[in-house]
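As structure tokens, here come the structures.
Both of the next two complexes hold subunit A, though its partner changes from subunit B to subunit C.
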Partner chain A sequence: MVVIALGVPQVVDQFGLLQLTIFAAMCILALSLGFVWGYGGILCFGQSAFFGLGAYAYAVTAVDLGESTAAAILAVLVPAVFAALLGYFMFYGRLSDVYLGVITLSVTLIFFNLMNSTAGDAYRVGKARLNGFNGMPSLPTLNVPGDPARLLDPTETFYLVMAFLVIVYVGLHVLLASHFGRVVVAIRENEARCELLGYDVRLHKLLVFTIGGGIAGLAGCLFANWGAFVSPNVFSLTMTSQIIIWVIVGGLGTLVGPIIGCLIMQYLATTLGTQQLANTNLIFGIIFLAFVLLVPRGIVPSLRALGARAPGPSRVHDPA
Partner chain B sequence: MDLAAVLTFEILNGVATLVLISVGLAIIFGMMRVINLAHGEFLMLGGYAAIVATNHGVNIWVAMVVVAPLVVGVVGVIAERLIIRVLYGRMIDTLLATWGLSLFFIGIVTTIFGNTVAGIGAPLGSLGVGRYSISLYRLVLIGIAAAILAVIFVALRQTRLGLIARGTMENPNMAAALGVSPPRVYATTFGVGAALTGLAGGLLAPISGVLPTVGAAYVAKAFITVISGGTAILAGTAAASSLFGSVNQLLTYFTTPVIGEAGLLAAAILLLRVLPHGITGKLFKGSL
Partner chain C sequence: MLSVTDLHARYGRIPILNGICLEVAAGEFVGVLGHNGMGKTTLLKTLMGFVPVQRGRILFDGADVTHEAAYVRARRGLGYVPQGREIFPGLSVRDNLRMGFVGRGAEERVDAIVQTFPRLVPLLNRRGGALSGGEQQLLAIARCLAGNPRLILFDEPTEGIQPSIIEELVAVLQTLHRKQALTIVLVEQNLEFIAELATRVLLIQKGAILRELQPGELRQAGVLSEFIGVDRA
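Let's look at the complex of A and B:
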């Protein structure tokens, strides 16, 4: 991955580079759900809520301060804190899987409505106008920490985003190999048994959820920085379902799966967006259905199972 | 005094709307334990069915009360036979598959009708209350919502069909041993739930208008209502609708509709923190 990252800017043009930058940012988002759902077993349909919160936190702070370092840090912190708060109510209320999905989904939709209704001069944070459904245009892009005048050019931004992708990917692997990570996977496999062994299931889930929220926020920050623009669409149902599809297509319970799923579907979405023949939602709906019914484990685990000629890790199921 | 009357009307209206959008889900999710994330799209399809029928010269009441439930009921049975049947007992897969279904419906409706708001005028005109005037149609809607709840209660409690449906959901193997075909009962129950959803979609079309993506506005509220209601589907849905409808309308009146919606969600999260099994997990136990 590192070799590709370093070599790419030499071979592709500016447009291709920008395209790859956003793909990489989305891969980080896919990883966040791949971690929370695939390893934590937490059915979170509100990953785009944290993504959007990160994007807006970055946008508001960057406009207010005219400097991006604090903005980027807040873009990770705000969603993480929000995830911790929401997670406290959900996990300490001992809500089951399916309820989690519905609650997180509702939270996302409420954010979507809230942000859409912030049009007008009354809705501003410091100098930053939220602008409702029109979104916030011409945001300051990332600069070298401490030097607001020195903005990153597209190639540097690409390197930065790729670096974050690698850090998140490796970081999650390290985390999962640690004691904490093992307990998290054990909880996914059998919650009651872990509890009886003396592990605090609620706390572990809360931490996983919070970390996932922070990573999604980072992706949101990079997304807002990429287009220098953020609109309530980051909270939309389309956004949320895209993240789920990436993980489903790529495969649950792996980290490389969500990345591959994200790349395939992003490429497909970009291609579909340029033609008028069929509606993107229609195609995505069919792919979604086809994968759930025919390839329920997703691409990567299925291929692995094929390669090993042995059953791969099974999908997380609700015991109900 | 007039204000109090109008405010009461608004609250009852909010409650009735919640009852309408969640009653079909109460059957499909509350009774059958099928997570139907395409619920919002069923409402949307009901709305379009009513609008298209009305525009083709069908009487608006017939379009809303007959055409919309019929169309969505048939769509529901087809979806059950083709997709959901395969996934019974696999809750999360059902949830994902119906999410795919919902995107599919959004896509297909956008392709046919375009991404624009369609609507029909509400029948019946308005009624003066002192200095205010309220829509007579909305008033009728409150009655309809109450009537639907009553009909479902009687159907489940007093009829043979209701008994069979409840028995099959309770213990499909025992029902099969007694000569009932569970797959047929599942398909019928799902169809009835879908038809009720279509009816709601048709009835709400004159008020809110329809858009291919309108389902997103409904699905979260419907699920929150049914989940917060708890195990007794009718009493639970009615109780949760009353609570959330009041919270929503009061906040909407004193602040903005968006704060009203956020308040509804906050109330639900707080409620589930205190009563994880919903309202009827603690109160009205054993009712229907």
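Let's look at the complex of A and C:
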């Protein structure tokens, strides 16, 4: 991944580089749900809430401060804290998975409606006008920390986003290989058993949810920075369902799967967006149904199952 | 070590435990016997905190644990080997054992535990789900032991287990009780198994302790017929 990242700017044009930058940012978002759902077993229908909060936290802070470093940090912290608060009420309230899905989806849609109704001069945070459904344009993009005048160019931004993708991937890999990761996977397999072994299941789920929220916020920050624009669409139903489709297509219970699913679907969305023959969302729906019915485990786990012909000790808990 | 007073529990509106009173001293091996549906498993789940207590009190080592979460009770030293084993099928045997130990030093603990379960040594890297029922039972016991419990609650460990493994289970439980001085509460329907291991046996009926028996009495036809519903010529 690192070698590809280093070589890409040498072989693709600026448009391609921008496309790859947004693909990589979305891969981070896919990883956040892949971790929360695929390993934590928490079916979160509202990952876009944290993504959107990250994007807006970045936008508001960057406009107010005219500098991106604190904005980027807040873009991770705000959604992580919000995820911790929301998760506290859900997990310590012993909500079942179905209600958890309903609540996370509802929260996302509340944010969507809330941000859509912030048009007008009254809705501002400091200097930053929220602008309702029109969104916030002309956001300050990422600069070198401590030097607001030195903005990152597209190539540097690409390197930065790829670096974050690698850090998140490796970080989650290390986390899942640790004792904490083993407990998280065990909770997914048998929650009651883990509690009887002495593990605080609610705390572990809360930590997973919070980490996932922070990662989604980072993706939101990179997304807002990429287009220098953020609108309530980051909270939309389309956005939230898109993330779920990426993870289902790539495969649950892997870290590579959500990345591959995200890349494939993002590429398709870009390609299909240039034609007028078929509705893109309709095609996405068909792909989603096809995977649920025909390849329910997703691409990566299915390929692994095909490749695992040689007998030997196997470990399902393979965070890759 | 374990003191249960007037314990009441229910599933919805259906009462299951109706005033259980139970005392278990340190180092004891107590058997609990009863028909299906009499509340044996519910009793263990209530002791572990998975079924809420409606009325009554549970003391463990003098501490009131009646309303504590299950994981807190487990950390206090209350171990539970449930019916159906409930190992983690996707994790290796070694990882299953690691899971039993909360905190650092799991590797050393795993190495120490498998000395008591030599059958598990060649299976350490195998998936838990690939083990036979008997091996899974041994794994469930070993995993519970990894957490250093002082009292273990066993729920029908012989259920669906082949006879050769049952003999091994008897040996393992005797070792735990006699050599490691573990306190054990065993819920069973296998009369020979419970008679061989328990120092005293409690008969449970309709959610209450009906009578206490000595293990030898389990071989008397009258007792079997009257309290357990087993007729033997």
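General remarks:
In the analysis below, the second predicted complex is superposed on the first by the 308 of 320 C-alpha atoms of A that agree within 3 Å, B and C clash if a C-alpha of one lies under 4 Å from a C-alpha of the other, contacts with A are read in each partner's own complex, and residues count from 1 in each chain.
Criterion: contacts are C-beta pairs under 8 Å (C-beta built on N, C-alpha and C of every residue); 3 or more make two chains touch, one makes a residue touch a chain.
Being a predicted model, the structure only gives us computed values, none of them experimental.
In the superposition on chain A, contact of A:R94 is made with subunit B only, not with subunit C. When both complexes are overlaid on chain A, the residue A:V295 reaches neither subunit B nor subunit C. Taking subunit A as the reference chain, the count of touched residues is higher for B when subunit B and subunit C are set side by side. By the document's definition of touching, of the two partners only subunit C reaches A:G198; subunit B does not.
Contacts of A:L175 after superposition on the shared chain: neither subunit B nor subunit C is touched. Of the two partner chains placed by superposition, only subunit C is touched by A:V185; subunit B is not.
Where the contact sets of subunit A with subunit B and with subunit C meet, they give residues 315-317.
Taken together, the subunit A residues at the contact with subunit C in this complex read 179, 182-183, 185-186, 189-190, 192-201, 313-317. Those residues of subunit C lying in contact with subunit A across their complex are 48, 50, 69-71, 74-75, 80, 82, 86, 88-92, 95, 98-100, 102, 106, 125-127, 143-144, 147. Subunit B contributes residues 33, 35, 83, 86-87, 90-93, 95-97, 99-108, 110-111, 213, 216-217, 219-221, 223-224, 227, 256-258, 261-262, 265, 268-270, 272-273, 276 to its touches with subunit A in the complex. Put simply, subunit A touches subunit B in their complex at residues 43, 86, 89-90, 92-95, 97-99, 101-103, 105-107, 109-110, 112-114, 116-117, 237, 241, 244, 248, 278-289, 292-293, 296, 315-318, 320.
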